[in-house]
Every structure is written in structure tokens, then in C-alpha cells.
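Below is one structure, written out as C-alpha cells; the observations come after it.
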């Protein structure tokens, strides 16, 4: 694991049969198996062949051989925030991924910009976090506000929620890239997985052993 | 004045000579003269021929025959908010226009989303306003936050301030159109003039006389 | 109700089960329940669990506990105009919302730009209105023409009706943002709900009590 | 002249020297010389070498050897309409081109959508025209309205006039392509030249002789 | 029929029931009934209620009370060209519309730019035509080539045929708007109907009677 | 400094006079003064009034009262990579900012994707870094490759370098957002400043004192 | 075969019946029959009428009368590379097409930019190839890297694989057009067919006979 | 020269001083020096320091140490076609580059789609060419037509010539990517250099020696 991130299966453009084939290889090696963007029907098919695999309904992910987080290897807690019902699948994809990569995670899924008291009631958790992932659709303003009340790194994830000129998440993405809060970093639309990978790299205390032990030829 | 809004000159694509010619007609009739998007150099040329015209440097507007606001004809105060130095020209275009249309106007030009205390310190003025115009560039999140703490109508003006993916104001515009705060209405990028016209129509107590007196054929 | 607008459920990205759960909370408190973007099938499912809820077919909305408009609290009538059959769902979303927010509403759904006599025959209703909402797809020119023959505030709603280069409403939106009629304000594509919220804030005579009585801390 | 349209020089990307060289060839043959998109400074340079060339300031065109229109070869009059000062250069490019191609042309340059009485006062000229060219920037709604009150073919020319979301004429172009008035045909942004060529082909009574006389091999 | 074009039903966003209701009104008055963008299933439903209506499968149109073309009222023939199988539905929409508006029409549906001999074999028909409608998808180059070998007006219709960067017809549209052949006029993507309306207005010998007889108030 | 990032002046849309006025306030308080996007001419003007200010030519930044990095407060080294001459200004903006925020920084400015040996020769520095900022224009592929050979967090900065379809940096931005290397986080085009703020938040060992000491009311 | 490329059927917008009709003509003449973009269901229908036709499942192509490659007519081997499962259909379309045009083809479908060792392990095949086709989705960086380690011509094919800002392949296309590796040539998104045609023209040793024998009139 | 293409300087974003510094290194080694996108003024400055450098005015390139083409190392002639004056700079950039890479080059710069006889008069040169580079702006249709009358590989270069919806070359690029002529390959807008690199790789008879002699480690 030269980069500290295990191989994760992108499920969208693969058939159930293709995923079962890949999963079997991982399961035989008792390695961490993780797959994203799996709809419930495909999950059902796969779990018929591989009943040891868990389906995370809200995250639309499959997993197997998840390990317990080891607190001595991370700086602290990853906090995941979003505004409401519609953004939860992306937030959950970030959560399952971050946990699978060994991080303790806490979440708060009811923090909208148009009612800031709901956000401010979380100030303590915000101050305590090691990294914050903020998931937001429509205008995508939540990460800017969060960035203004914390000092840890903030990773923003635009979602495709909205209609008309939300353009499937482009508006949220653009809002985040142009945040007046300095230091926001952004990932692709709906990419909870990628945000968790970045947050996890931030939160990791020591580099992966393989990198420290050897010169790691390409 | 069938629509309640006098003719206002769009200065951008007109030469100084063309504007002087138009202005002379207005001045002879002692009518309200208002022109937008006039750069300082063009203003200088025009004021050489028509010294009775005032140049509003920050608003980049020309005016003549401005009348005193008549408080009996409006519901209340128009409040204009923006985040900082760069958005001021657009905010000032809104202010001069709203005043010229007979409205009392107050302004607060230091209210950024990444430091919300500066906005919250204006809560009293916000609660007192009859209409609020919010001017914002970059990600354009300020109007959403303002809408969440007031009950009067809010008009949002995106500005072309920013770089890279701010796309000359498109990002701010899209953010405003997709606000999670219900009821925001939006005008074109940098269109302080249009926002003031809309706010003024909202604030006007009685309809213009011509419309009330007659059937007003087209 | 700090902002004067009750919470309204955005139905598009929610399952029938999720909406039933939310609705039950509202119904228990006998509060106004309103949900937008509900297709007929989803409405059927929901009404099986909550038969007291009404489905507004053309508006694609659900409601319960609607209250009678109180004429002493508004300035006047909201007029809703559109050009034809295809724009009616968006116009109806605006109508039901505006009524639920306490406004008397009148409508005229047959006013196209290419046959202006149909619009001009409504001059009396136009002159009498307190606010006008104009709904238009394709090239979106109707609001400009309406603005030219009235003095009250006009709110324009682009719709996603059209094909080819109508780009799902972008062309109509752009036309409205660039109207040569000063003072048009615009909302997101197909956002009848948002237009009604803005129009209602304009039409409301007194501010909501909570705001007038207290300083309303955030 | 197989296509009935003489070669016209596109001046934008050519130096004064290049244009003088081309012009000299035309002048020697006493052929019609026409060049578009020539700024005043370039025109000055060119006219120093070729004083017999005329510069049409408003149209930004050069011409030489223009011939008198021959009314027996055309169906009637080409009418050119636009809304105001800023669109005039494009309207004039159409006018000079249409005249050079042998058509009688009339113009009316003060017909805006937000004040339709100015358009309706031209109903007689509109009814009399053989073809109408309508030039419009910003939202580009004028051609739709004109189409609704005439029966002859209408050619729409979007202009790059406007700011913000007018996107250099794209908004006007899209409005015209999505007109609810059936039968509008559109040319490129600012392409008065092309509109005149199309209108002229419509207005031409007989096909060019070369085409009638021979089989015209490619 | 002030504009010379009868009202035509846009079928895309209407239910079979809505179209039957409209059709019944036309049929009772024995007026020309024409509807575009009707898929076969919807057509079946409608024809069950109105068996006198004809369904034009390739054009996806419905018609009733079509009249014979009257050659004394038109200048000549409208020629419709396209490159192949995929563009035929749009070409047929133009054909049925043009015929319904009283024009003799001829077609040639196998003229691709990459094999120009197929186009050149039609030179005689091209030279004889009064107007030419050229329908093309993908890169949309055919109208430019046709324009180069004829002198009559050419109307170009981009189609949504293609994939990837054809962007549902935008590429073809842009190609046509930027044609190096002067005088091409363009309509919306897949708008065979609009092209036929424009071509028909060009081909009409006398103005509609109503316009000639009276002053035609708006 | 609630967020751990001092206020930094965005110089692009401010006059020399405005910046001098702001700088004077900072200098009087002997606070860190930092300004971005200052062209040489503007820098000259400002340094005439404030000679104690330093101009960083390649970074196009102004600074004063920079403090020595304190190694006990950071995790390690920030490494900044780019491919060549044209990206250096953005890389230098990141460098000066990161240093001003207290971080040791190393740079390598000659690592292009089309000649990977130049990148691989830096493997040691890459493995040693605490955070890596990768600056790239044109196709923006460098961050993907870097991410594949390191385990620390990587921040990608697209630049506006390129022509034609590089679209002022959009192509590079899109490439980075869609990287097949999981965990890349991205900032706005040319935003070296923002990348350094994010990297600095990652590299900071302890939270800013103000946040640790107090509850930090908003 | 004036251009050296036989007519190939574009299957996407044709019905099974239409394709059967075309196929029958080819089969009667025992000519090479090739069709692209055929989904499995349509293939089934067609093969019921024409059982001698082969369906290439992964390539989604139909073929009949394929001929053996003749090594004396080509320069060498065409190598096709892609990064993974999702790009294989496009790579296979290129492979079947290239073989049908007479070329020996080798493939390697597991070469991703984020793990370059998988690419470098193919250096020998890369050095031996006569032309290389590189198929890539998402950020599209693979062709740049390949170009940097070979000297033969490289043809890049963007695929529509990805989500969010991959925009159905636009991001990959833009990355390839802006490659820092000089000499990459690009085809349309998902156009494996076109890439193979270009590669085949490169690899062909002698021109098609018809062109050499005669002057080939158009 | 592992890839067979020497390093070429991209001049656009470099100062004269930077280019002189780079040039001096090349000149000392008597290596081929080539720089693109150099305006005349910058060229003058550079040639003052390095008078042995040649400036190719039309191509806007600098060169030194150009070598004679060696016909034994190439397959044949590269033909470069474009439509007119405005595209010549891009065509010349391709020509100088192709020659510098050792290829015999012929050109024909007067071949427009709207007058195809000018193209067909070049059939002999077209049939004789080994590779053809076609340069075109506006609608970009020329490469499709050329591809239809030749069998060698065709490389298409879109140029930024045009106005309005030509969008700085995007329209030409899109036309080329969607050509109905199979096998066209495309490079970035105005990238004559890249087209020549691709064409040269096609035309090269033997691989560069370094690649044949050694295993070429990365």
C-alpha cells in the first residue's frame, strides 16, 4: 500500500458478476474489501454469492474485513457535516470510507446555512475535530461558514442535489472553489469517497510502513 | 412614466458626445437625468459640456435634477449590504438609483460570510428594513445568510469580482439562484441599477399617478 | 417563523416513506404542511397513510391545514401569468404556495408574446395587481413585455419547457436576467415556489409578529 | 457569381496593407468592392492609398463601385429594425450590404420591447416590407414580437450588446432560436452582413444569369 | 391568420387527452389541424378518439384537413436535403409542414459531405428550387456546401444526431451559424417545423388576404 | 485569529492608494502584512509610501513583518512541485504564503508528466514531505502522478497556463477533480494562496491559542 | 473504396429492421459488413434474420465477411491500451475495427496513471508498436504518459466514464487536447471506431489500388 | 530524443530575457532550437542578443540549426491545406515545425468549402501526399471534405478565426471531432505545432536510433 490507500472498487460501471469476481479475490486474501456506488438491487445480487459482505444502505457501499480504528495511528476525530436528508448518501460514503481507513468519525447531518443556529449548536464538536468534511448541494455555502468558525483543515464535497441551475452539483462546486474562506479544498461532485481519502491522509499520524522502511521503487 | 421608472441612460456603449446630446434634452425639460456605467474619463468630458451634472465616482453614475425622497410615498427604508471593497461600485449604483427613485437608503459595506459577526452586528438595521439588497461576488453566499435572519423581501445582486472559476460573476449568480433560503430574487451580474428598480417598486406605497388616473392604453 | 416563511418540504429527492414520516410530525402539531415536486404515484402512496392530506395535481404539491387568507395582512392581489399549457404546473406551484402563505391570488394562463392581444386583454387585472409573477419557458420574453405595461414589482420564473437550445430553461432564464425592462427579478428554473415566497414577502403588510416583538437573537 | 453574392472582404483579421492589396485588384476591374469590420483607423490608412473608397462610419464598412438598385429585379423593400443606439452598427452593416446587393432598404432604429408603442407605430412599414431584418441585443425578444405582427419572412440578428449574462450575444441568440413565433431564422451574433445576404436572396426576383444560362459545373 | 401561419400544436409536453380536446375544436371548424412531436403510442391513443386524423410516422406528426397546394400562390418548389437515415424524421417534419402551408415540396435524403458526388448528382434540382432546407447532424457541414452551389435562400436545420461532443445538436448548430457561405439562416435544433415556416414565408407569392385588406390592429 | 489564518489582502481589484491605506493600519500594529496579486507597477507605487514592505517579484506578493517559522508548531515540511517556467508565479504565491503562515517549505519546479524521470528524481523529497502542493496548467496531470507515489496529503492547484481548449485553467481543474488517484483535493485556478492555507492547516501541530483557550463565541 | 475505409453502419439511431435491410445488401455482395453501437438486444433481433453475422459483445459491434490481415500491406502492429474495466468497450470497438481494416492488433487493458508500474511493464510492446491507440476516461492523463515513452504516433480516445465533473468524457477530451506531450491526436468521445480508422490509415503500407490506378474523379 | 521530438520552447508566457537564456544553452550545443508563439516585438529583442536565430514572421516562430530533410528517413510528403489569409499563421507554424523535424512539406492555402473547385484543383497533390494537415477556422468543415477524397491519414487543426459563436475556435474543433468522415484526428485550437509533430511521427520511416539501440529506461 504505497500510497496508504487500499484499492477500492468503483461500482457504477461494473455488473454484479464483475464485482463478485473481484470481491472473491479480496475475500480469499482476507484483505479489506470496499466498493462504492452500488445500488440496492446490485447489492442483493452480490450478497447472494458473497453473504459475508455487508451492504451500507445509506452509503450505497459494500464492505468486508473492516478493521477497528487504531487511535494511536491518527491525530484525532474526523467530523462530517451536511445540511439535510438529500445530502446524507454522500456524507455516509465519506463516513464508511473514513472508518475503513482507520479513523474515528462523528457526524452532524442537520446544519443548513439558512438557519445558522443549527450549525452554531455544534461549535464544540467543530472545535474538537481534527479534520472536517462538509457536504453540501444547491448553492454549497455551508463549507465557507464552517471554515470561518474553525481552525482545522476543511474538505468540501459538492453534491448533485438541486434542480434547474444547480446543474447536477456544478453550482455547489463553483461556490466552494470561490469561497471567501481561505483554505477550503474541494473534491469532485458527490465524491464522499475522495474527501474521506484526503481527510484520512491528513489525520494519519505516521506514514505507512512500506514507505518508511524502504526506498519504494516505482 | 407608465411603469414608475424614468428612462435611465446605459452609458457603456455610448460615446461622451452621444451622452451629452441625450443629457441636453433632459436638462432642458428639467427632468431627472441618470446615467450608469460611466468611467471617470468619460464623465470628465461630459461635465465639461454640462457642468450642472454630478458624477458619483464610486457608483460610476451621472445625475441631475435628483429630487428629495418623499417619505409619504414609500413603505420604509431600503438597506444595501455587501462584503467588502470590491463590491462597493455595484452597491453604490444600487444606492444612487434607489435614492433617485425616491427611497431613503441605508448601507453597510463590511459583512462577509466567513466572519459572520460583522453581519450579525447589523441585525437591528436588518429587522428595520423594508427591502434589503445584498450585493456579493465570488461564491455569493451572503444573500442566503441574510434571508435567514429577516422577513422582508431580499434582492440579490451577483458581482463580477473574483478570478478563475468565479467566471466573471456566474458562480455568484448560480449560488443565489440555488439559495436554500426561500424567496431570494436575483438580477443580472453587476446590475445594481436593476436591483434598485425592483426594490423601489416593492417600496412604493401608491402606484404612479398616470396609471391610476387613466386606463393607460399601450 | 423568524423569516415569515414556514418550512416547506422539497419532495423530489425524498421517498414516500420519508415524506410520510415528516408529514406525521406536522399533522400532530396541526401545523401547515406543504410539500413540492411530488409526482402522482408518490402522492398516492403518501395519501394512503395520511388521507387528510390534499394532492394538488397540476401543482404537483401536497398540503394540509391550509388557512384562509386574511386580507388585513396583505397589500393586495398576486397575479400569476403564463403563456400556455406547458407552463401551468410551475404557475400552479406558485399559486398554491402564495395562497398557503396567506395571499389572494388570481391567474391568467393564456398570454403569449407572439400574440400580444391575449396579454393586452388583461390590462385591467395587471394594473390592479399588487405583485405579478410571470412564468415563461422557451425564449422567456413575456416578463419583459408585462414589465413594460405595469408599475408593480414583477417576479419572473423561467421554465424548463422547450427543446434543443432551450437547454432545460437556461435560455428563458438568461432572457429574463437580460431583460430591457428595468426591475425584473428572477428565480431558479421551474421555481414557482420561490417566486411565490418572494411575492408573498412583498405583499405582506406587517412583519411577522415574532420579529416585531423581540430582538430575535440568532 | 454562381451564388448571386459577390466576394466580400472580412476585414477583422487583415492588416490595412493586405486590404489595400486586395482592393486594388477589385478597383482595376471596376468590380463592386465591399469590406466589413473595418475600424476607423484602419479605414483611414486604406483610404490614403485608395481615396476612391468610401468609409461607412456607422456600418464600419468600406465600399467602392456600388451600383444603383434595379427595382425590376427585386420583390420589394427590405425593412431593418433595431431597438436603439447600441445595435445600430450591426443594423447599418446589414443596410449597406443589402443596398450593395441591389435592394431598396428602409430602417427604423427605435423599437424596443419594453415600450411596444414605438414598434406598433411602424405597423404600416412592417406590413409593406418584403423581408424584415430585426437586430437585437440583451434578451433578443424584438424579433418574436415583430414576427407576430407580420406575414413576410423575418431574419433575426443577435448583437453582442449587454453585460454579465448577456455573454456577448449568446443570450440574444438563444432567445431568437427559441422564439415562440414560428418561422424566425437566425444568423451569427453581430452578423448584419449574413442577414442581408439571406434577405437579399429572398428578395431577388430572378436567379443570377450565370445560373440560368448554363448548367454550372462545379 | 394575421401572420400567414396557422396555429400548430406542440405535442411534446401534452397528454393524449389534452391533444384530443384541442383537436376536436379544430375538427368541428373543419380547420387545418397540425401537431408535431407525437410519438407513435400517443398517436394511437389520439386516433382512437379522432379516426379522421392522419399520423405521419416518419415525421411524427398528426394532421387533418390538409389542403391541396395552390401553385398560383407560391414562387416555386421547396427542396429538402439531408445526409441519411438518422436525419429523416426532422426532414419529414419540414416536408409535412411545408406541404400543409401550401407549398410543392421535393426531397433528396442521401447527400453526405464525405461523399460529395451524391450531392452533386442533385445539381439540377438544386438549381431549380425556390428555397432549400438543408437538414444535418454531427458536424453540420452540408448547408455550407449546398449554399456554395446555389443562388436561392438556404435554411439550415441542425439535428440532435451524433454522440459525445455532438452535444445533442449544438455542434451542428454552431457549424451552421459560422458557415463560410454567406447568407445561411438557421433555426433551432431539430426544428423542421420552424424551417418550413420560414421557407414557406419566402415562397409565398402574395401576402395573406387579411393583411392586405385591413390595417390589422393588434 | 479564530481560524488560524491572518487577514490577507486580495490586491487585484484595489488601487495602490487603497492598499497603502490598509497597509498603514497593519504596519502601525506591527502585524503580519501580506497582499496577493500585485503587479510590479502597483508594487512600486506602494513601496514609495511604505518602503519597509518587501515585493516578492515572482510571487507578485507584498509582505511585511514576516516571522521566522517555529518548527515546534508544525508536523514537517511543505513540498511545492510544478512543471515549468509558466507555473512558477502560482507556485511562488503558495510558497510565500506557506512561509508567512509559519511553515518550512521546499520547492522543485521542473517536474513534467511527459518526462517522468524529472519527477522520479525527487522521490526522496516526496517521501519526506508532510504535505505536497502540486501546481499544474494545461492538462493538469501532474498531481495524479505525484499522488500515486506518496502517502501524505496532496493539494492540487490548476493554473491558467495554456491556450485554446485549456480555457484559462478549466481543463487543468477538471483533470484534477477527476483524478484516478484517490484523495486529491483541489483549489481554485491560480489560487496558490488558498492551497498554502489548506496545507498550512494540515501541517499545524496545535490549534491556534485563541481557539484552545476559550470557547470562542461567534 | 476511394478513401481506403469501407462503409460502416452507425447502429445507434437505427432500428433492428433498418439494420437487417442494410445488412442483407452487404451479405448478398459478400462485402465486409461492420456495424457499431449495437446493444445486445438489438443484436439478438438482427441475428435472428441474419445468423451468419457475428456479435462482438464487448465491442458492441456486428461483423460479417471479415478478412484475414495481410502483413505485406501494413507497417506493423497496432497496440491498444486502456486503464481498466470501464474503458474496455471503447478499446474493443477500436480493436475489431482495426482488425477488420486489415491490421494485426495487440492490447493491454490494465495501465492506469496512478500506478505507473503497470504501464512501464509494457515498455517492450510500446516500443515495438507501429501506432498506439490509448483509451482513457476520467482525467484522461494516460495518453500523455504513453507519448512520453514512445516515438510512434499516438491516437487518444476519451471515454464517457466518470461522474460529476467528468461531464460524460469532456474532461478526458480536454486533457488530451492540452497534453504537454507534443503530437497527440484526438478523436471524439467513445469513438474507438474513428481512432482505429486513423491508426489504420497510418499503418497502411500502400495506398488503396483504386487511388493508385486512376485519377479518381470526384 | 527518446520520443523522436526535440524540446521546443513555448514562447507565449516567457519574457524575451527568459527565451534568450534558454536559446543560449541550445546554441552552445549547436542543437536544433525552435520556439513557437513569438510576437514580432519579442523576436526583435531576442535577435538582438542572438543574431544567428531566424524569425519566421508568418509562423511567429524562431529557429536555429535547422537541418536539411533526409528523404531516406521519411515515407513521403506532408501536405498542408487551409482556406485563406486568416488561417495562414497556424498553417505556417505546422510547416516550419514539420520541416524542422525532417519532412518535405508542400502547402496550398486557398481551399475553402464554399467554393470547392479551389480544393478539387489540388486533387493530384492530395493523392500524392503521405499525410495531410488541414487547418480551418469558423465552421471547420474543410477536413471532412478533404478526408472524403484521399486515403492517407488526415490531421485537422481548428483555428481561433471567426467571431460571435465561433467561440475562439471551439466551433471549428467540435465540427472536426464530429466529422462524418471516419478517421480524422484532431489537435488543440491553433496548435499547428502539435499537428506537425503527429504528422511527422506518421511520416518517419525508422524509429529514432536511441529507441532501437537500447531498452530506454525511464
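Here the chain labels run A, B, C, D, E, F, G and H in written order, and each chain numbers its own residues starting at 1.
FYI, a contact is a pair of C-beta atoms (placed from the backbone, for glycine too) under 8 Å apart; a residue touches a chain by one contact, two chains touch by 3 or more.
A quick note: this is a predicted structure, and the numbers were derived from the prediction, not measured.
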| item | value |
| --- | --- |
| Separation of chain G from chain E in steps, with touching chains one step apart | 1 |
| Contact-pair overlap exceeding half with E-G, pair selected from D-E, D-H or A-F | D-H |
| Whole-Å gap separating chain A and chain B, where each centre is the average of the chain's CA atoms | 43 |
| Centre-of-Cα separation between chain H and chain F, whole angstrom | 37 |
| Overlap residues in chain B, where contacts from two or more other chains coincide | 3, 114, 116, 120, 147-149, 164-166, 170, 173, 177-178, 181-182, 188, 218 |
| Pairwise chain contacts, counting only pairs that touch as defined | A-B, A-C, A-F, A-G, B-C, B-D, B-F, C-D, C-E, D-E, D-H, E-G, E-H, F-G, F-H, G-H |
| Chain A to chain F touching residues, read off their complex | 2-5, 8, 120, 123, 127, 147-155, 173, 177-178, 181-188, 193-195, 197-198, 200-202, 204, 207-208, 211, 215-216, 218 |
| Partner chain B, residues of chain F touching it in the complex | 3, 10, 12-14, 18, 37, 158, 160, 168-170, 173, 188-191, 218 |
| Complex contacts: residues of chain H adjacent to chain E | 83, 112-116, 138-141, 144-145, 147-148, 162, 164-167, 170-172, 174-182 |
| Residue numbers on chain G that touch chain A, as the complex places them | 85-86, 116-117, 120, 161, 163-166 |
